[in-house]
Amino acid sequence: MTERHRDLDFDLVVRNGKVATASDTYRADIGIIDGRIAAIANGLPTGKRDIDAGGRWVMPGGVDSHCHVEQLSGMGLMCADDFYSATVSAAFGGNTTIMPFAAQHREDRVRDVLEDYHARAVEKSVIDYAFHVIVTNLDEQTLNEDLPQAIRQGITSLKVFMTYERMKLDDYQILDTLALADREGALVMVHAENNDVIRWLGDRLTERGLQAPKYHAIAHCGLAETEATHRVVTLSRILETPILIVHVSEAETLDCIRQAQQKGAALYAETCPQYLFLTAADIDKPGVEGAKFCCSPPPRDERCQGAMWQGLMEGSLSLYSSDHAPYRWDETGKLPKGEKTGFREMANGLPGLEVRMPLLFSEGYRKGRLTINEFVALTSTNHARTYGLYPRKGTIAVGSDADLVIWDEAREVTITNDLLHDNVDYTPYEGMKVTGWADTVINRGRVVVENGELKVDRGTGEFLPCGLPEPV
Amino acid sequence: MTERHRDLDFDLVVRNGKVATASDTYRADIGIIDGRIAAIANGLPTGKRDIDAGGRWVMPGGVDSHCHVEQLSGMGLMCADDFYSATVSAAFGGNTTIMPFAAQHREDRVRDVLEDYHARAVEKSVIDYAFHVIVTNLDEQTLNEDLPQAIRQGITSLKVFMTYERMKLDDYQILDTLALADREGALVMVHAENNDVIRWLGDRLTERGLQAPKYHAIAHCGLAETEATHRVVTLSRILETPILIVHVSEAETLDCIRQAQQKGAALYAETCPQYLFLTAADIDKPGVEGAKFCCSPPPRDERCQGAMWQGLMEGSLSLYSSDHAPYRWDETGKLPKGEKTGFREMANGLPGLEVRMPLLFSEGYRKGRLTINEFVALTSTNHARTYGLYPRKGTIAVGSDADLVIWDEAREVTITNDLLHDNVDYTPYEGMKVTGWADTVINRGRVVVENGELKVDRGTGEFLPCGLPEPV
Amino acid sequence: MTERHRDLDFDLVVRNGKVATASDTYRADIGIIDGRIAAIANGLPTGKRDIDAGGRWVMPGGVDSHCHVEQLSGMGLMCADDFYSATVSAAFGGNTTIMPFAAQHREDRVRDVLEDYHARAVEKSVIDYAFHVIVTNLDEQTLNEDLPQAIRQGITSLKVFMTYERMKLDDYQILDTLALADREGALVMVHAENNDVIRWLGDRLTERGLQAPKYHAIAHCGLAETEATHRVVTLSRILETPILIVHVSEAETLDCIRQAQQKGAALYAETCPQYLFLTAADIDKPGVEGAKFCCSPPPRDERCQGAMWQGLMEGSLSLYSSDHAPYRWDETGKLPKGEKTGFREMANGLPGLEVRMPLLFSEGYRKGRLTINEFVALTSTNHARTYGLYPRKGTIAVGSDADLVIWDEAREVTITNDLLHDNVDYTPYEGMKVTGWADTVINRGRVVVENGELKVDRGTGEFLPCGLPEPV
Amino acid sequence: MTERHRDLDFDLVVRNGKVATASDTYRADIGIIDGRIAAIANGLPTGKRDIDAGGRWVMPGGVDSHCHVEQLSGMGLMCADDFYSATVSAAFGGNTTIMPFAAQHREDRVRDVLEDYHARAVEKSVIDYAFHVIVTNLDEQTLNEDLPQAIRQGITSLKVFMTYERMKLDDYQILDTLALADREGALVMVHAENNDVIRWLGDRLTERGLQAPKYHAIAHCGLAETEATHRVVTLSRILETPILIVHVSEAETLDCIRQAQQKGAALYAETCPQYLFLTAADIDKPGVEGAKFCCSPPPRDERCQGAMWQGLMEGSLSLYSSDHAPYRWDETGKLPKGEKTGFREMANGLPGLEVRMPLLFSEGYRKGRLTINEFVALTSTNHARTYGLYPRKGTIAVGSDADLVIWDEAREVTITNDLLHDNVDYTPYEGMKVTGWADTVINRGRVVVENGELKVDRGTGEFLPCGLPEPV
């Protein structure tokens, strides 16, 4: 047997799948050796193990590039998921990679922060992960030593906040961050909401004794998002440096993004399930029930939902992430003061790692808004490219990691929190019916989820150093 | 040896290529059996024949979806290329499929027209081909019998003209065509220029004795294109039926296209080399030299060039075709009255089948405007998808036709007409330097071009019935 | 007594008014000599007659620049008002000038048409009038002799239709008309709807047996208007010649108008009461009741209403006319076949001469959308300027015709057809409550309406030759 | 002689003028009694004094609503003109009212500031004046006592800065100011440039040793203006409170303004001579010569000039002010360090009170871009209305102040600093030729300038309390 023949002794063959990538759809077997895709062909020889996809979709495992895990929030609350529960939940949702944040707080050194997150992730994760770093302190050491070093070590996306007192940078600091990113080869991600607007409106509501969850959506008004987005996009245009706007929710924000893109700006933008499947009406539920739907920015109205879909369809929004920010509906998260919790006291954020892909598959692909290839691009490929993980992640191609999800497109599921594997005690999508669910999830050739069971141990996920971000 | 093993006895293996598709880039061997791609892997066993790509790009063969071959023009002139010279020239330019037009003239029956074009193509073509049908007479038989039959037979794109006295349809007829396309599963392509504007401006120029080629560009003013585009796009929005605008050249037309796309219109648009690499200044050359650059719509100015690039980069223009309309610079084409030929008497159209891909590779990919994947999408994949040839054509995937071009990205070429294989006696790109050229061209596993030589016989290309057009 | 003193022997003094012009508001007396305003001052000496305005508004008499009087419609129906009833109705509505159309039909000579309309108007009109000429036949004599002569004689606005089989011009003819207008000093007005769209949709509805009035609004869809507007605006941009779009109704049409205006186009646009105060829901009334609300273009929805208000407020729509097109709700107009009348058989058009000003005063000025000066501009001054009647008409200034309306801003009126003076047997505004109504109407110093009575004889109105149109 | 007759014993009659207001043009005499316009008529009786306008234009005296007089700049420099030199210069330029700023500095009480400015103005001004107040400290007393009191005393426009370290407010404070203005009936004016952008770019230039004046224009980049404008416009849209953007210079800023206006925002905007008649090329002159052209925002390029003209023509820019900010080209202003003065050390601002009207008359009215009525609106009426001085100021109407300029439209003047009456030692418009100049200037019936001489004493100008701002 020649050298070449030996290459075709597969560890695993996923057979008879309907393969979908960001651009292609075809039927083939996928042969895996040493955790990577070694061959795509019809009629591959039997591997050490064979899985019969039985005509189901075989797609690149999801890459969820925006989630919060074991992180202190902008308000100082620890979120409910650690790297174990988060990666397990992600895996059951069809994902093989997550990209949480390593969050610098004002007093932290970035190198310490990264060391800390690495230590926690490495022992708990069941799928692969990469990090963005949240930057809140731009002193000399951060700018000139720690961030350049972090970038060289594969943390190539820098997240900045324009709101939250504990996190926000001013425009001068954002310009510093953009210039650094340009110099060192990183990408700046932005949470764009105008802090003063939110604070001012919140103060006025508070003065009038208005405390219910729905006032969260009033304080975090759509134009506060549009304003901050326009501002930071303009900063990036001035420096001719790429930028990425996370969690776009407002129709007018999308208009602003399109206008800049059409002027040639290197501008990327993301939206999330909460802006496609929830509205402000959900927040308006009685009592503190609405707290279950509070995130920043908040869900808007149907017009905005329609705009978000249009953005995904036309490509002005190229990323669809969960922004999983898990807080329990109890005193540790949403309700620090129980029934008396005011809208400024609740944790902001919604869980979503596990339902992100099923929701988009069901409402996007099955309802004809998106092709299957667009579904793959939005849930996996574009994330990998945007954050420098491509071609290792995000596709089904020879040489790429064998990260696959076998998807049952006919499975009907009513979402309930019982089904889900995160540590949150509710889901904002409770009761929604979807069609299509992840069957088998494979990460680097390892079967992670199969027959509804987790098949791997904690700590078997790997850290992924990111390379240079590239345009989608 | 099992059944499966036999599948890996390759007729041809293209080895060691840097494979690029519309979404992926990877190194692999490509194994071909019976004209189709059977395997993509590293270290494939030797086939009956092996071609070593030597690290060069291996991409899907170009699909040029807009070219005119053995066709009478809107002005009644026979073009210079027949199916032999056109397909040879296309093949040398890296293409494996062309999509010329079967042109109904007012008095013709569509079924006769198609029979005629089929007969001529089948005996001369060296690569594969599909047809669009140009519709100029919408009588009962055409609408109710011939076109539905043609669509069932795989001619699923209907081209209509808004200008040229011999070709143009009025808005009522275009609505009829759109309704038919919607009903039967076809796509309407439109040459969008306002006929009355062109005629009126031409009459005024003629009255004043202005005859030089440059007046062609004045009569075919940019706003004549914008107007007709806006009109036909609006017709398609009224019927909620997809439409495709060919050869967009004017910046303001692009604005109109984007606005409709953002309103959710199913609107596709194409541009061509002449709008990226030529300008109206070329038409303004002394004497009748300018005739070499006259096409409809004509090249515009640098602002419009920039807009066309932006459109390709952002995706509002998803197709890049040659609009090869070959006329010689002599009395059979450009100069029916020699030096005295007026701008209304010259044949309209430029050759471009062979230079389309090299020009875009050099100026688009190598200069950083486009990724290699965008290059593939714009020259091949999007055409195949848009016209219902995907997945047979337009990609490198298991099961697809083995249509490949091995591309030498370092080869420096100064374009001269001597290099080219069409029947035109000049090229509008004479003297331009490009880097990157097609080395080896493979169609359905047949090596068509290799070492600068044609390797196949006339009549070996095949007709491709098109399926339902799909969105890009 | 000096020469100067004699100038202040007034025929009439309107005393104690709150004067409003397009830019000013002040309290003063207005002294009138020989039908013209001779002095504006406080404390003018007593004239031959004094009218005490008693602190009410004194404004320029309305100029209604779009109305149809004794005219055959595009469908061949004679309208219900002659020059007597129309001018009486207009006068009671606060107007002192109307501008109806002299309509050339295909076989007519413009000079004959004008002679005919002059003859009919001169003997019946009770207030002043000017003419637009509708052009439907552009033969040599019309273009080279009759229209230039008409323009020299003070008919300086040429109306063209893009729809109605008996009236419509093609784009070539519109370009001819624009070029003529530019050469001779006239303004082209356009009824912009795409004829083929309306006809095609109408044919499809008819095929399906759909005949109710509401289908009129479906056939005359908003995008048919937007398309034609974009087209003719583009034609005018190509020739850099001003143009005026009458009766804008659709929000997207307004967007198109703004975009061209911001590119510097000399583009003027009008809207009418039916697009501010009615909607398509009115047409949807049971039986043939909806016919009372059918005009072309038809009333749209609330979003479009809001856009029309915004256009008036921002100035992109500078004219507000009645488009009074009076047809009775009987077999002579709306119901030629009685209850069985189909939507394509009904006369198109609504009466509005008498309610135009009260409706805008009540809903525009009193509800705070418009200033009183904007009200004056929209009902009077802009019309006079746009059509070359300024400064003779459209303002209160020394030397201008003494055309005044004394307006009672507190008078509450419920509109019923009984109140009105035209020959139509219904009003589409039946039952609407408005506040503010014309009290006294003065034309060239003659009291035309006072205490609810007509004070002048038929034939006392004068023809107004128009000068060069000027921008507003 | 009756009571009424006595009203027509005029103090002054301006006879035989071609009167222009914001909406009207007519020939008449203007009779003045007690400083107010008492009568407008032909053939008025002789007054105590008669001035024969001899067919020249008689227009409302200019209202220059943006100028800096005896004010410490944002950089802490005292400007070169006091209330005497400024008002004299303004009067010679055709103005009868100026609106300078009373500038609160961080440590100041608004009431003290106003008292101080009042004291200085009252004894020096030769024409009338009103004040805006610049707000830099929004403590409780300012917000709750001093500003409400100032507004009640007729200072109804509050100016805020988004840049200059000593002046700028943050977004929270701007929201406070907007809310106050809404509550108390004032208008907020904004100097909109992003402070951090300017500072960041300036720091980078300084680091690289780049000091020449031209770097001022690079640091104050166009997008810094667009950003701040978009931001503050969004704040005003959130609170649904009107706002006014001063000194717009950048084309993209205008786009942003139009978009908000078309959404119905109560948004007003101003431009200035420097953005119509100078460009960044002027700043690029050798040595420190360029300092003569440095203001904030700086002059841009020809595309922006074209946009500013378009804005004035279409009305999206409704105010044209001088932004007279007088600094000498010596160590007291432009060159604190002589030839070594860096771009961050120069005083920012240009003189322009005296040339504002001649420049616009010559380039705007005479070149056909503006009608004479638009000229009047842009130089006088719109200012009076916008700032609550109408109808006392800004028009020629019975009851209004007799503020008139008799304008010689044929006078050809080459602008040189020698001609001008301010205290600046250069003019940025040196050598420009204009046609049209103020002949005679009358303020409240007092002849202020005649035959090139000042005819009134210092301290004869009056303070004008402003009323509620109103839309233009």
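Letters A, B, C and D mark the chains in the order given here, with residues in each chain numbered from 1 onward.
We adopt the following convention: a contact is a pair of C-beta atoms (placed from the backbone, for glycine too) under 8 Å apart; a residue touches a chain by one contact, two chains touch by 3 or more.
Please read all numbers here as calculations on a predicted model, not as lab measurements.
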What are the mutual neighbours of subunit A and subunit D in this structure? none
Taking the mean of the CA coordinates per chain, how far is subunit C from subunit D in Å? 39
If you average the CA atoms of subunit A and of subunit C, how far apart do the two points sit, in angstrom? 58
Got the subunit A residues that touch at least 2 other chains? none
Please give all chain pairs that are in touch with each other. A-B, A-D, B-C, C-D
Within the complex, which stretch of subunit C touches subunit B? 170-172, 175-176, 194-197, 199-201, 221, 223-224, 226-227, 230-231, 234-235, 237-238
Write out the stretch or stretches of subunit B touching subunit A in their complex. 2-8, 19, 21-28, 31, 38-46, 258, 261-262, 264, 310, 313-315, 371, 373, 377, 381, 391, 395, 397-400, 470-471
